[in-house]
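Across the two complexes that follow, chain A remains constant while its partner is chain B and subsequently chain C.
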Partner chain A sequence: MSYSKLKINVIKALFNSQYANMLEYRVEIALWALSGVLPFIMLSIWKESGAATSYGFDGLSLSRYFLSAFLVRQFSVVWVVFSFEEDALLGKLSPYLIQPLHPLWRYLAAHIAEQVTRLPFALLITFTFFLFNTDSFWIPSLIQFLLAWLSTLFAFSIAFLLQSIIASLCFWNEKASSLERLLFTPYLFLSGLLAPISSFPPNIQKIVLLTPFPYMINFPANILSGLAENIFIGFIIQIIWISILFPVVILLWKAGVRNYTAMGA
Partner chain B sequence: MKDRAIIDVEQLSKTYQISDKDPGFKGTLKHFLSRKTFGVEAVKNVSFKIQPGEIVGFLGANGAGKTTILKMLCGLIYPSSGSIYVDGFNPAKRQNDFLKNITLVMGQKQQLIWDLPPMDSLQVNAAIYGLSESEATNRIKELSIMLELGEELYRPVRKLSLGQRMKTELLASLLHKPSVLFLDEPTLGLDVNAQARVRSFLSEYNRKTGATILLTSHYMADITALCSRVLCIHKGELFYDGGLNSLTNKLTPYRELRIELKDQFNPKEFENYGIIKTNTDRFIEIRILRTELPKVISRILERFEVIDIEIKDPPIEELIGKLFNQRRI
Partner chain C sequence: MERYLKALYLFLTTAIGIEMEYQLNFIVEVIAMIGTLSGSIFILSLFFTQGQQLGNWSWEQALIIQGIYTLLDGITNTVLRPNLREIVNYVREGTLDFVLLKPIDSQFWVSLRTFSPSGLPEIGLGATLVIYACNQLGVVLNINQLVRIIIILASSSITLYSIWFLVAATSIWFVKTWNATEVLRAILSSGRYPVSAYSLTLRFIFTFILPITFLTTVPAEIIIGDSGYNMIYIGILIAVFFFSLSRMFWIHALKYYTSASS
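What follows is the complex of A and B.
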């Protein structure tokens, strides 16, 4: 069997099994999708406070931005550190470590399967949003949609790699997920979930744009809602972050595996 | 690879860094403020070789270091010092060619996806190990016949009994036809029938494929049914490596005879043959020196009208317990 066919078979088998597994948890996934409505809460706060206009937003672009932020979040949400920590603590990781496949592929497949399971729920919430905000309805152009999809994929990759770095720390500290909380706070404030980055003071914006967080929500949401400027630069920065984080994950993993004690197994 | 051994272990040691904690609030505070870590030597300078096709039993009390050695042999954890070669590979490097040739089965630990039928997990394993669809189908069919598995492969794992789960775990672990099997308590928690089925499967698998098997078990029946050679370990040190029979011979020079006679008898008549353990009605159990066994049996058969006679070794658990206390042969 050729190497590429072998890889395709692995991807297919992993996705099929993980999708079947996620369907078993469809109600839980629907609730997770529903719990991601923070951008809509922020939209109503912005609208009610009347602050939007003072930051140069009209009601329509703000609605579209927060709906886009909701969708980007739905398809870039990552939970690898929690699964990994549980598997490492309960010894479930051990059989994966002695198979000729990097265990992170399993977690990646589980995330993709979860996103596919989540898709109908996210679409249903979007439909409901438009039902109550008919004037916000818009259909992005094909190019706009494809670029938004690609930047969301990159946003997911950045989030997955960032969490994988923390997950790798489980090899040293069994409760590495608590470190994820430290990451969540800057993510929440600097990603664009609570407010578009363009509403930040210019000096703060400059600093924020040096971190990976705006490229995890704000950038893809801007493309989808038609607010994006400097799309090319945005993609370059996303690729730079992926290129920085990927080797860090590999190196940390290699060092961590040497420290693994196969607890609970 | 050194000489012909498929498993070659030299001066293997493993030290874990741990920290103790006193109970209560004071203990917690002390543990938080001035934690003292210290090294615990789980395995100390262990050396042994295993030839291809051998089934070797690993004996030792809880915490003796058996599982730690198994984990090092399959590359799951790194040794502190010493060298290991399994099928010519250094397990610590976890090369794909090495991983495709081994398997580790841990009793009561599962790799199958809990909410899905085993078939889903088997398809993933088949893809990971590069088996074609037809190869995987044939292999699943072959192993499921040996393991007496059928419709269980299509039911969610969570709905299976412990015995059925263990058998499906074995199937998943052996799907890629590994030539070296590391089995850590493969019959743990199973009932007597399920234990016997797993044992006969392992024996048949070894006979058919020539695979090398290293297993740990708390059930001596597993060891006596499968292993002609045993490694005994105590507090991380290997103190016996040899045949199970010679271990039994060295530990106990006696065998036990259980005799059923046609008529009632006077126990005193048996005192010259050996030590009487029990006697009831027409049954008597006596302990006899191994060297005297043939002579004594023929004398008893000449003198008494015997209906049945059974020769057995003293319970192996008893011998092993004695061995661990002595820590020498």
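What follows is the complex of A and C.
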């Protein structure tokens, strides 16, 4: 059984069925998109606070940073561990494991389909944002946009792999999904969703930049808002993280399947 | 009344029994909670660089708000979320019928049916932070002051419950609105900071539309002794208003409940 040979028609069928599925859940996805308002709440505080100037931010760069952070978050949200837990508990996983297709591809297709469904809502929120903050309107250059898109895709990959590690642990303990909390907590504070990493004290910044979290929001958001300095190094680090995490997921998954004894068995 | 207390006792003991089954869960929750509090305090500290203040609140005063927020978040995780997220399932699976048939108030049942002990340490952590910050500020608490604090915290808990309940109860009509509570959760997290730290528009919204001001900022002002005597009455009034609203909404919503598959 080879997982690597994915045929075009399989990809198409996977995506189309997942997209049709996601369209059924438009209301949920719209609400979900709206639940990402946290960067806007933080923007309001940062704008009012005198501290922003001492970190070298003005109203304009703050607005652009937090809008970019919002957008990057919208297209890097991952929930694979929750789908996986449900499928494992309800016994849906067993047929997936028999198919000549790695189950993670199915989840990946679901995520991409969800992002496509989410796109109009994210654009609508962006439009509303500019309506109230007309002065912060900007159009990134094509290069900037493409780089931001690519780094968001890498950010999504890092998030997807990190959660897949926890999902694989569900093969051993069906409640392992609660470990996701231990991933989300540092992500929330160290990714740049609440504060740009450049506002952290220098020593803490150095340590934080060694973790994958700033490359999941802060780095792509900096590119999109035109604040990024070391774009090349950022991409290298993103690629390093992906190449560390990918084999871990594959190995854990293999070991997990061997250990797996279906629910109710 | 006795029946309600007896039911409540049974709810609590079964919940503890279930929790004992999942001890890993409890440990993870406690670690995550300590991480969340440290993270929030770290982010808060960023605003106080070079002698800055946050909306005219000093560092210790802002810590009191963080403490109250943590306490209320603990209540949310202990009681509100585990119960109210089930409403949508009762409706979808038709099991709300069984709840309505019980000789007990249905709002009481769906609101207090279970609780999650793993949220309790968060309540303790929040209270500890408030006491620590009070100590730093040199706030002396006499009996009179303590009673006022308990009253205002009870009021904000009731207000918080009522908002959650209002949003969760909409699933009687729209099964798909469970995600609306995620939106609510995101917006409520703005209660981590004093309301005066926000722009005028948000301050208006947080005071007159969504009573976030009354959840954390007003109780903190009362603890510091910064507020007029009237604020406590307004806090109580808001709680009574939102609770009555949730009550009326539930009774109204049940009229539209037609059970599953009918």
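Basically, the second predicted complex is superposed on the first by the 257 of 265 C-alpha atoms of A that agree within 3 Å, B and C clash if a C-alpha of one lies under 4 Å from a C-alpha of the other, contacts with A are read in each partner's own complex, and residues count from 1 in each chain.
Convention: a residue touches a chain if its C-beta (ideal position, glycine included) is under 8 Å from a C-beta of that chain, and two chains touch if they have at least 3 such contacts.
Given the structure is predicted, the values throughout are model-derived calculations rather than measurements.
In the superposition on chain A, contact is made by A:Leu179 with chain C only, not with chain B.
When the two complexes are overlaid on their common chain A, residue A:Ile45 makes contact with chain C while staying clear of chain B. Once the two complexes are laid over each other on the shared chain, residue contacts for A:Pro247 go to neither chain B nor chain C.
Of the two partner chains, chain C is the only one touched by A:Val37; chain B is not. By the touch criterion defined above, A:Pro120 lies against neither chain B nor chain C after alignment on the C-alpha atoms of chain A. The wider contact with chain A, measured as residues touched, comes from C rather than the other of chain B and chain C.
Of the two partner chains, chain B is the only one touched by A:Asn9; chain C is not. Shared-chain residue A:Gly56: touches no atom of chain B or chain C. Residues 25 of chain A lie in contact with chain B in one complex and with chain C in the other.
Interface of chain A with chain B (complex): residues 1, 6, 9-10, 12-14, 16-17, 20-21, 24-25, 91-92, 94-101, 257-258, 260-262, 265. Touching chain A in their complex are the following residues of chain C: 22, 24-25, 28-29, 31-32, 35-36, 39-40, 42-43, 46-50, 52-55, 174, 176-180, 182-183, 185-187, 189-190, 193, 197-199, 202. Those residues of chain A lying in contact with chain C across their complex are 25, 27-28, 31-32, 34-38, 41, 44-45, 47-51, 54-55, 173, 175, 178-179, 181-182, 184-186, 188-190, 194-195, 199-200, 204. Residues 16, 71, 74-78, 94, 96, 99-100, 102-104, 106, 109-111, 113, 115-116, 120-121, 123-130, 132 of chain B are the ones touching chain A in the complex.
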